[in-house]
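Below you'll find the structure, written out as structure tokens, and then a few comments.
Every chain is named by a letter (A, B, C and D) in the order it is written, and numbering of its residues begins at 1.
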Amino acid sequence: MSDAQTTDRWIRWLNTLQLVVAGIIILTPTAWMVMSSFKPSFEVTAYPPTVIFSPTIQNYIELTKTTPFFNYAINSLIVTVGSTSLGLLFGIPAAFAVSWTRISWPAILTLAARMAPGTLFLLPWYVMFRQVDLIGSYTALILSHAVITLPIVIWVLLPSFDSIPRSVFEAAQVDGCSVTRILWRIAIPLVGSGIAVSAILAFVFSWNYFLFALVLSNGDTKTLIAAAFNFVGEGSTQWGALMAAATLIALPPLLLATLVQRWLVAGLTLGAVKG
Amino acid sequence: MSQATATLTQDRQRLELSALSAPAVIFTVGMIAFPVVYTVWLGFQSFSSTGKQSFVGLANYSKLLTDYEFWHGLWVTIALYVLSLVLQLVLGVWLALVLFHAKRLHGLVRSLFISPFMMPPVVAGMMWLVILDPSLGAANYILQSIGLPPSDWLASPTLVIPTIALVDTWQWTPYVALIVLGGLQSLPPSVYEAAQIDGASPLKTFQRITLPLLLPTIVTAAILRSVDLLRFFDIIYITTQGGPGNASNTLNIYGFRVGFEFFNIGYASALMLTLTAIVFGAVLAFNRLRGAVAW
Amino acid sequence: MASISIRNLVKRYGNLTVIPDLDLEIADHEFVVFVGPSGCGKSTLLRIIAGLEPITSGELFIGDRRVNGIPAAQRDIAMVFQDYALYPHMRVYDNMSFALELRGVPKAEIDKRVKRAAALLHIEPYLDRKPKELSGGQRQRVAMGRAIVRNPKAFLFDEPLSNLDAKLRGQVRAEIKALSQELKTTMVFVTHDQIEAMTMADRIVVLQNGMVQQYDTPETVYERPSNQFVAGFIGSPAMNFFPVEWRGEQAVFAQDGSAALIDAENAVLMRRAGKAVLGIRPEHFVVADGATNGTTVTVKLVEPLGSDTLIHFDLAGASAIARVEPSLRPKVGDRITLRSQPGRIHLFEPESGKVLR
Amino acid sequence: MTAKTLMAHVAIPILAAATLSQAHGADFNWKKFQGKTITFLANSNPISQALLTQKADFEKLTGMTLKVDTYQEQQMRQRLVTVMNAHSDEVDVFMTLPSREGEQFAAAGWYADLTPMTKNVAGNYDFAGLSQALLKAGTFNGKLTSMPMNIEGPILYYRTDILKKCGVEVPKTIKDVQAAAKKLKACDSSITPFVSRGLKPAVAYTFSNMLHNIGGSYMANGKSNLCSPKGKEALETYSGLLRDYGPPGVVNYSFPQISALYRSGRSALSFESSNELRTVMDGGARLKDTGLAPFPAGEAGQVPTAIGWGLTISAHSKQQEAAWYFVQWATSPEIQKRMALQGIAPPRPAVAKDPEYRKWIDEAPVRKEWQAALDVLATKGSSEVGYPIVANPQSREFIGQAVQDLILKQKTVDQACADADKALDALIAQK
């Protein structure tokens, strides 16, 4: 008995050790990046790397002074919120219908766009949106990013809808609901956390995507992530500002992930296990 | 008569359901139909050097067969794919097990563990580029300070693929772990109790019970990662641009460079479509595999 | 409140025919139970009445209204599901009021009806709770409450008791029966449990392979089963069957040629038919004293139930059970002589299973 | 930025406004396209940055709106490829490197012909005052395709203190560079003796200078000429320097890494673009111990690489004439002087001699050396970076490949040059 307890304790200790090792590997690079953003620009690439330094927010000031950083951030926000909303607007009913009918090709179709390299779309979309004079508009960016968000929403939500007992929908039918009303009154309230997870994931992936903005935006609508490259240019590589920009760009997705991590594990994995 | 009315209800409901999925379908078709058709068309065109455009039939595709860079790119793509996938699946399962047993882990800490894949790949690429610089980066400094020889990392033609695989593994292992964690949580506890009663050791339990039961989940994770890994782009675009030499010139990077650096859109289109077909094939194959390991 | 009539109903799923051709009339205020083994089509039939499944062909009337193609929502029926199908995100009150709200019933009226149903079902204390905070029995009541408030033309029950434990099941069974008498509404109840069918129904529909085997009162179904399937399905333990033949002006067991004792009326039938399957319920055996003749069997197993005792034995190549007085406690291996109660044996055609008349 | 340059910033615009208002008197109407909007696709380098500080001036002068879309070089090119392949009129004016993509863009018909437009200029434009070499570099098939914005080229940044400490003279010849590197390596092992570009597509920029100094050429008789003795010598010398004296991982080195390395004080000799001066001086650590010179001579003397960014008008632009107003304004003597005062080497010899600019140069010894090096570039420079063929960008890949093969010792020089020649001959044959 006490022998088993010792083994138990030993296993727990081993697990903690592994946890710590994993944690260090996972977190160090990010921590280093954040630290660098508070170093003077030339010190970022100093060698040996400085660990002790007098932190400065100069890089952040530089960033906001030399680039329309907040404009880019607002562009990113508009595009991301727009494409996430569009993804939810189209994705929720589609996921519901697919779950109801078990006819899965609409869901697979939306995923097909994910299988082609993003570069394949650049020129055609440019030509397409040029035709309707939407280059540089938020509309074009939101539509292109919705191609990313839509399959995320559908595939995360599918298993959530699947997990609602069929009879609940039938009871609602008997009670007098149309299909659409069942979606609104019964299904959506029941998959709330699934919708939250899909929204967060859609937000993160849309926020992180840079390729489409490269050709579909212009100086006024450029997203943060597309603008990030502007910090690496001949004669003007601002390492400090680059790290500051990187930190700020990564902040919203990381914050969101922190806020919803509990649901994330449940929601994401549900999709993976069943989908 | 009765037949007709019966189908009426069915039709009404089906109509309503179709109407619900219609926006997503119409939107997707609207967004991808033209690009696909246009790219197929471009693939039959030649835009070579003089910029004159002409129909060349399958010339771009037959060029693929004799293009050393294409075959090399395919090899690089597959090498990077296999290496990254194996690393991520193995480490992902390990991390999931560690997290699964750390039940009292605070939510905030847990979210830190999954943070890498939330980070924009562009940012991750920039970050690692600075860290892995052979002369200036922190990575070599750490190696040297613990008495190991410095490495050329991304600058070595032999190490660049493992290094990129490591960077990608750093970013995506937590994602795999998250998926596997879900799989672990959905396993019926009674199975473990049964195994315990049967007298299986922890190792045996993992080997004979946990792993087989997790296989469908792992295959799912493999599918999700395959789609991205076969189209490996962001991190290479930021860090090596396919170099040194052509050591990290994946098909996606090669196709991109052919189109946007060497301005041969026709050949680039043929490359992109070929890559798309490869991704599609891999997903289909894995889907089969998932059917085979389902329980 | 309405009758339900089904004419020439056919239901197919692709190539699979679930209901080949079915006619059924359920009278107003009647409590009808569909019973049959799993896969017999009883649930499908109920769902067709509810409007949850489309009809392949045939006609369905609720009251005078032909409801083919009418969506469930407009049929004015209420349904209680096997898993209750309560809306998990709504309070009990909202679960019950939802349908009324959808129909635009005034708030005061909704409140009145919900309160009345809640009182009837003794669930007033739970009106503000969510379904997950209720026990199985309570959920079951809420599901019924949700049906009651509607004042529907018909109640449909899809095996609503199968998720309850045995004691509760008996209790709710009685309550539903009482309720049906109080509400005076047409009720259709699906179950695979023949005790539920027997205790609750005004009339029982015994279904097999999508066909009505018998449609009659519980007593009739029990006492005069129309075929071997019904005879075997209704009653517990099930009826014993023995192949018999008419040889040399007497009925004998086909297997060993020993005499089978049948009454005169049945002997007439046997003579005409030549071969038959003889059916006798366990409770219709009596232990013969030395004076009367009977068939002597060897006791294989004894199951004392308290109220009575079951005796297992082999007869003419078949296992059989007899239900006897609890005071009788034979031992395994004992030999006892049995005979049937007068007029309590059934004869069926060996091929079709139809009762011999 | 010192107080004095700040002064210059403030002082000049006032002066400029006066000069320009004189110009557009009688014959030239700057306001002709008032109310129009010009879209400018810019590369985010110091040249465009300096130019765009004057944006308000242009808008005030012409009454037009300038819409600027700025990208990092590579991304700008991607954007451009998309726009031009779509035959879109979205971009009116864009920046281009004639030495790299000139042939190709000209062949593809992406450039508008600027020749007739140069006749339509304000009185003080001084077309003849632009560097003739750069104008020539921007002329394809007799058509002028872009107007030079600056002059630049790789120059040698060296550490006076380290050279002194190790007893090394400032190298005068390529042989000196090799000797110096060797000596430096022995003298201080913590220092990278020599660094230059090793990243495949970037190699040609610095390598061309070496090749030309040695006396080699890319092409002879319509064939690739890397396997000529001079070609092999250049390949071996360049890759040898980087292999033996360069930093680890030099095959990934381009301007950001080289500048960072030099700025952090970890390299002694650094062969990099003249444009990197500002980055290198960032933080002030290198201000006092840096010397600058053109790359040392070889057997053929000094043939430095001298190129410039050009400003061009898209062939698909629907308002080419209005766009020309912007190009003209941006390349006018006045604006180029203002850019020069922000450290952009002017493509006009006259501006380089301008007293005000001279004053700025004289403020720091480094600037003086910088201008001296640029003067050499302007007079002796060659704009041949990579093969003078349509597929120039791709030719750079093969040059880079050969150099990398040698740095990484994956091939012998004979193999490397033969492989490169074979690929390049195929490229040359492609018409």
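Here is the rule we use: contacts are C-beta pairs under 8 Å (C-beta built on N, C-alpha and C of every residue); 3 or more make two chains touch, one makes a residue touch a chain.
These numbers come from a predicted model, not from an experiment.
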For subunit A and subunit C, the touch-path distance in steps comes out at 1
Chain centres computed over CA atoms; the one at greatest distance from subunit B is chain C
When A-B and B-D are ranked by contacting C-beta pairs, first comes A-B
Expressed in whole Å, how far the mean CA point of subunit A lies from that of subunit B is 16
Here the gap between subunit C and subunit D, centre to centre from mean Cα coordinates and rounded to Å, is 93
Whole-Å distance, C-alpha centre of subunit B to that of subunit D, is 39
In whole angstrom, the CA-centroid distance of subunit B from subunit C equals 57
Residue ranges of subunit B touching at least 2 other chains are 13, 133, 135-136, 259-260, 265
Among all residues of subunit D, those touching at least two other chains are 74, 78, 82, 85, 260-261, 264, 266
Residues in subunit C with touches to at least two other chains are numbered 51, 71
Counting only contacts in the complex, subunit D reaches subunit A at residues 39, 43-46, 49, 67-75, 78-79, 82-83, 85-86, 88, 90, 255-256, 259-261, 263-264, 266, 273, 275-279, 282-283, 285
Subunit B contacts subunit A in the complex at 13-14, 16-21, 23-25, 27-29, 31-32, 34-36, 38-39, 42, 94-95, 98-99, 101-102, 105, 107-116, 118-123, 126-128, 130-131, 133, 135-138, 141, 170, 174, 178-179, 181-183, 185-186, 202, 216-217, 220-221, 224, 227, 231, 233-234, 252, 255-256, 259-260, 265, 268-269, 272-273, 275-276, 279-280, 283
Per the touch rule, the subunit D residues reaching subunit B in their complex are 74, 77-78, 81-82, 85, 104, 107-110, 192, 198-201, 247-253, 257, 260-261, 264, 266, 390-391, 393-394, 401, 404-405, 408, 410, 430-431
So, in the complex, the side of subunit A touching subunit C is made of residues 165, 167-168, 170-178, 181, 185-186, 189-190
Listed in rising order, the residues of subunit C that touch subunit A in the complex are 47, 50-52, 71-74, 77-79, 81-89, 98-99, 102-103, 146, 150, 156
